[in-house]
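In what comes next, chain A is part of two complexes: it sits with chain B in the first one and with chain C in the second one.
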Partner chain A sequence: MDGGLAHPRAVPSAPGMDGVEVPVPQEAELTCGTRIEPGKSYGFFTDTTLCIGCKACEVACKEWNALPADAVGLTGHSYDNTGALGANTWRHVAFVERLPGTPEARGTEMPPFQSNWLMMSDVCKHCDPAPCLEACPTGALFRTEFDTVVVQQDICNGCAYCVPACPFGVVEISTGDGKAHKCTLCYDRLKGGMEPACAKACPTDSIQFGVVEELVERAGRRVEALEAAGQERAYLYGAPGTPGATNGLERLNAFFLLTERPEVYGLPAAPARPAPRARPGILAGLAAVAGLAAAALVLGVGGGGGGRR
Partner chain B sequence: MPQWDLARSDVVLVMGSNMAENHPIAFRFAMQAKARGATLIHADPRFTRTSAMCDLYAPIRAGTDIAFLGGIIRHLLENDLWWRDWAIPYTNIATVIEEGYHGPETGDGLFSGWNAEERRYSSETWQYEGQTVPSPLAEAWMETGGDFAERVSSLRERPPARDETLQHPNCVYQIMRRHYARYTPEMVERITGCPRGVFLKVCDALARNSGPERTGAICYAVGWNHHTTGAQVIRAGAIVQSLLGNVGRPGAGLLALRGHTSIQGSTDIATLYDLMPGYLPQPHALRPHKTLADYLEVETAPTGWWANFPKYAVSLLRAWYGGEASEANGWGYDWMPRTVGDHSQLPSTVAMRDGVIKGLFVMGQNPVVGGSNSRLVQQGLARLEWMVVRDIAETDTATFWRDGTLVRDGEMRPEEIGTEVFLMPASLSGEKAGSFTNTHRLVQWHDKVVEAPGDSRSEHWFVYHLGRRLKAMHADGGRPEDAAIRNLRWDYPEVDDQGEPDAEAILREINGYRVADGALVSSFQDLKDDGSTACGTWIYTGVFPEEGKNLSRSRVPDGPNGPGTHLGWGFAWPANRRTLGNRASADPAGKPWSERKALIRWDEGAGEWTGPDVPDFQKEKRPDYVPDWSSRPKGMDAHSGAEPFIMLADGRAAVFAPSGLKDGPLPAHYEPIESPAANPLHPGNPASPAAKRWEQRSNPVGDAPDPAFPHALTTFRLTEHHSGGTPTRIVPTTAELQPEMFAEIPTELGRELGVRDLDWVVVSTPRGSIEARALVTDRLRPFAAEGSARPVHQIGLPWHFGWAGYATGDVANLLTAVVGDPNTGMHENKALACGLRPGRLFRANPPRTEGPN
Partner chain C sequence: MTKPMEEPWRGETYHGRSALKPAGFDWKVAAYILAQGVAGSAQVIAGAARAAGGADGDGLVRRARLLSVAGNLLGTAVLVGHLKTPKRWYNMLRIVRPQSPMSWGSWLLVVFGAASAATALGELLGGRFRWAWRLGEAAQAPASLAGAGMSVYTASLLSTTSNPLWSAAPVPLAAGFGAASMANAASALALLQRNAGEHESARRLETLAALAAGGEYAAMRAAERRWSEVGVEAPLREGGPKALFGPAAKGLGVALPVAAQALALVSGPGAPARDRLPPVASLGLLVGGFALRHALLRAGDDSAKRPGDYFRAAQGQPNRADR
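So, the complex of A and B:
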């Protein structure tokens, strides 16, 4: 008997769990084998080949973070009625139907671990470096001690610079409070030693939470295993040196395993960090302003002139 | 089988279930099997989220499961791919059947024994040669010529006639070969629409993973049950598994995926009208059940474990009745109500409609959404004098008189409906203590963690206090029913100010105790038929073996390097066994068929069966034990040490069922009652002749293929909603995920009708029409079908929706019919015929648009 019947996360006996009166300082160790400590990088590895589209992540996220339902109604896009990530939706499961169009040619055999109905649970990528954070003029967006990116609504002034800065369309200004909102990677739960709500709720471990470096290693092994099983299209998106971690984005702390081109799932093929392009623009702008100011000074029409008084 | 045991399967066939969507937690174990290299197969009318995760998807038209499974049986038999070494000793495949038997292949769809006038079968010709075999189900008694008890006692005189060379023309093997001869891959394709190449791949995957070293599992759910042939579909799956040796072994089995958290528990503790707790038959007024002695005589099987039936029945009476109960009055047997016929949900609905039933309790159910022919259901509710709805929110059923279909369509006005509705708030599972019994018979305790809001109360509280009030009402009456209520044992300690009864006291009663001193019993082997023990449900005995030891509370997993049976996690009835029939994991000599698939084995030194599971066998019965027929052995003494299935009268898996089924000893393909296709196997009897019918003005049923209803219709569930929808349609975060009723239609039909996504369509059956938005998808497909010149399009409707809550829409069950499986009374909402047109319906009173108050 191989003993592998137990869930890989199962522990022989949970110390201090008898009676469950004892507080569990590091619950994440029990639920996903990860100890949560400041100073390390934490993130998600979302393996789309394991996603069954149950949307438990969406519900767990909204319940934990007390996010309202948007009540958008039936979209007609397969089973996706959430539509997109936004101020009130921090996990979103995309559904892509890929069955060929005639009865004769419709697939009955699936390549191993790839479906003819793709499902992917999308989330904030907690980029490194993070364009939203770089665009934020108030410091409302900051990098936490867990290397995640969080908005502080009490500081946010609603300028929305972060919205176009995000290459993935994640951040949104809430119509409720006029502030930016997005996934916090359950910052409050991490502080309490708990696995983020979506990862804990995921029944098939499509969403895996952990230390980013360990997740990247695990994901690499997963790609190899899939290749060995005949699924040769699997690749990582957002891990260092892979598609998604491009144009100034060194890595996405929430990265993905995909089996189709990124655009199929609604992800950009080559996301770009705006800052490097913004810098020359800003410098040029500043130079122009400085030039105009200098010219104004010379012509005596600038604010410095006090002739009118 | 335990769900977690799926991780050890080498092939998993999911059929009649959308497992990934509706059982996502169990499906994780199928995914683990896949990660270890197992082949996953999904056979279904719709390409679902389950199909998406499988290696192979076999599309079949709804209602053709037996044709598909029968084709597999034929393929295994004709190509000699079944596992002879396992199946010959462990099943009745070699047993010889009565000479008078003939199958539907020679009777135009009818088995021998058909009574055309009464439209039912006599099973006399289905019996073993010269022996009458009682059913292993709750009801042993059946109508036979002569004295039943005397007839079945022949099982104590000799073993059933067998021909292990399989040459006897009336041995089960030869009967099955004749029966399934016509279920060729070509015929499977003609009937089911599944391409024969795909069908053969499924056969191959199952056959490849059979034998000493490998096992396969079949997972099914209500996609198999909800047919007029539902019990026979499951039988067909069981036959496949019996031929492949996939019973009682690691990673093997036929896993019934059950819906609600404790639907298994509710059948064990008997919500069904014809069962008492522990699968004991309810006394019946029209059967030889007059006295306790009569009842015990005709319901006790002479051989096998059910010979212990009197101990369980008497102990149940002892648990229920105190007061004046005594041996002289059969421990209160006469106080127990008798059934007089079919009191299941479908005929009860008709009885309400006819004004026979005056009052109704609805607890944790939403029948106007979930009941077949919802208009008939609502007409029934409208004729009640009173109705009590206990639920966590105001359900569609509670508001049928205000917002329901009858009002909307102008059939009745609210002021014309006299039903007095009482809405009682119910608590949720975290707000009360109790147990869940899951699909693997695993009983798991849960504690109360928060107070329920407002006046919400538990079911325990409600039933307990209702009982107390009834007892007070009947305390002095002189009528028989007064005595029945007066003498009920009804003393549960109250644990809080609200008068909540102690849930563990109920579990202790279920477990059983000695009447004299109240000491708990630890095994059902300690139960007696002399009145000295009381037991609420014999199969649960051992869950509370001693004071302070509630095993359903236990939470000790085996850990990654343990055996994986997790005997310390909860309590699995009976006797904490995890895999039923596990004697079959060893060969007749008691040695595991292989080390890879070992479970229990005979330990010659210790003289007992041993292994990581609790043996489902007499612990000290030697594998070479042979009954001494000269002594007329009784009970287990009549089973040899190599007959693994103790609950059956002859100890062998019944690939041929001589009794217990009302529609034939072998599964045969019948079309649904309403089908767009003809039946090429027996055109004279296209649908099940024995199906239950309740003809009604409000329940027209179309028997022949009708050009007005050319499409195949199936109803289904979504992962985002729970059954009747009450727990999810009222919660914004789940309601928004599937916010509205829709109809799934194949791309080809959408193109033909000019229907695009989100367009309105009207779906119709002889019962009526509903409107829904279209979801045009490649996941559904047209099928070529017998007797239909055009392809038959498969339509799918989710049935969760109604008018209450945030996620609303037309009730799919307005379309379904009140027809039933002859064995179970189960409806046929998974397969019927429908028409579909673009457009909307006229409504006398359009639905209210605002949300709940």
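So, the complex of A and C:
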């Protein structure tokens, strides 16, 4: 058996594979130097200064997760014809054209770095703590052994409460099957020791997969390197203590390196964890009802029965 | 050179595309909020009537208990209907999630449904069986307490989201929903009492409804001020939500009842208006109660589609949990 179209490393007879266990138990060690073990936190570091807008991540994600096409057409928003993250789109490459002067101006000069473009591959942030997970009343949304956030499709009943809970507009109910869908950080691949499809497909390593703590360190060094190279606007979004990890969101396990304000990429400057708002609301409401119940007592709603003027 | 976060936000968005997803809560959810508000507050009123009065309040208590069961059944049916996978409704009872008002609501619904059913059983069989009467009386306190929760938790459910409009004013919104539920339940019971010929009791309920409606109006005004401060009020000032929030919620739910009750008050004793106008006020309050909830749900979905509103509200101020 020659393995058909299987990856060469998955085939025992491939050259140079003598003595290698097949299938490779920790393929991610070969593709991104990361050993995948339960109990550690895994995530993405998406470095937007390396993104070339090829959308290989979008394609790899759709392929691996067998996601159907969304609306096929042109948005008019630069080369972004994907539009947004949704039930069937778990990676979304944003394109921002930065032209000097007025919006009508044509770019006749090319800056030395990143030309006139900002490109960024957006994804579920796998927040810690995760607002969608805290909203979910069925337990369909859960935190995996890899510290990622996944919807169990056999549990979700489509109540849709995770949809407004998400501070990044990521989760969506599928019109096809009536359940919530979003990036799983390739939960099935992680279980098999494989790097997530988007990160593996990224040709420039704009998307890097790894242990979150290691990624944060690496990202910090990248910011310093960029500053030294003259890109002084680089900063992290979603790493602990940075914009994006705000108001109760300790960190985003999928975090970003940006060079413009977050809003330019469609991200909020200071997203918030909604859960702390639950209690003050319910207490104020109960106080209002208690006050009116006391008023009912004073009015004597129980008395006067049968009275006909 | 400065870092981008040291510069002010100048209104940039990503191609004007929304940064949040609308919840898609439709009229069924608005009907659910109204029905459960009426059912819950009816049990609060039944509890108050039991605590205050003797046998005089029996008619009111009986109707309040039956009304709460009817509202609860209707509310549960439309709630399950709004699920996108309704046959899995029971998964709501897999876990208890203290951070999720949706989870509180699922369990409140169970407790309230059971307690309400027990009070109704007491009404229906209490005359024949002593145990049924005892069960009904024992269930009144839990039904009233769970009913208070049913009346307000839906506001917490809306404000415990990332939606710019819903999340901006958790306290006034919940106070408003609680008062609205009491106004709606008192109105529904006043209609039933008038229908049963208990005009004196109906008048007291109408006074309670007027007080509650005043509280609702004040709370919603506070919410509107908060929305303006944060800069997220625009969706309520245009399109369908504007018509629902203005003419329907405030016109039918506040102005009409006030006018009808005032006219009834000034018309002399014995004038036909004295008994015919108050039911108009009660109906107006119920229709207005639905319009208020529906306006807020629709405006919330519009709010989610306005990236400028969201980015303005999320400019780094500390968590607004205390507002």
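Criterion: the second predicted complex is superposed on the first by the 245 of 309 C-alpha atoms of A that agree within 3 Å, B and C clash if a C-alpha of one lies under 4 Å from a C-alpha of the other, contacts with A are read in each partner's own complex, and residues count from 1 in each chain.
Heads up, the rule we're going with is that a contact is a pair of C-beta atoms (placed from the backbone, for glycine too) under 8 Å apart; a residue touches a chain by one contact, two chains touch by 3 or more.
Please read these numbers as outputs of a predicted model, since none were measured by experiment.
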**OP:** Please work out whether A:Ala296 is in contact with chain B alone, chain C alone, both, or neither, and reply first, second, both or neither.
**Re:** second
**OP:** Please indicate which partner A:Tyr79 is in contact with in the superposed arrangement: first for chain B, second for chain C, both, or neither.
**Re:** first
Subject >> Touched partner set for A:Ile173, first chain B, second chain C, both or neither >> reply: second
**OP:** With the two complexes superposed on chain A, say which partner A:Pro68 touches: chain B (first), chain C (second), both, or neither.
**Re:** first
Subject >> First (chain B), second (chain C), both or neither touched by A:Ala165 >> reply: second
**OP:** Count the residues of chain A touched by chain B and by chain C, then name the partner with the higher count.
**Re:** C
Subject >> Footprint overlap on chain A, comparing chain B with chain C >> reply: 77-78
**OP:** Quick one: which bits of chain B touch chain A in the complex? Just the residue numbers, please.
**Re:** 4-5, 7-8, 20-21, 24-25, 27-28, 31-32, 34, 36-37, 47, 49-59, 195, 198, 201, 250, 556-564, 566, 598, 612, 718-720, 732-740, 742, 747-748, 757-758, 773, 775, 777-779, 781-782, 791, 806
Subject >> Contacting residues of chain A [partner chain B, same complex] >> reply: 1-8, 10-13, 50, 52-56, 58-59, 62-63, 67-74, 76-79, 81-82, 97, 99-101, 103, 106-110, 112-113, 115-119, 203-205, 229
**OP:** Spell out the part of chain A that touches chain C in their complex, as residue ranges.
**Re:** 75, 77-78, 80, 83-84, 86, 94, 96, 131, 134-140, 155-161, 163-173, 177-179, 232-233, 235, 243, 246-248, 258-293, 295-297, 299-309
Original post:
Can you list the chain C residues touching chain A in their complex?
Top reply: 1-5, 7, 9, 12-15, 17-25, 41, 44-45, 47-61, 83-86, 88-89, 91-92, 94-95, 97, 99-106, 144, 148-149, 151-153, 155-157, 159-163, 166-167, 170-179, 181-182, 186, 197-201, 204-205, 207-208, 211-212, 215, 219, 300, 304, 307, 310-311, 314-322
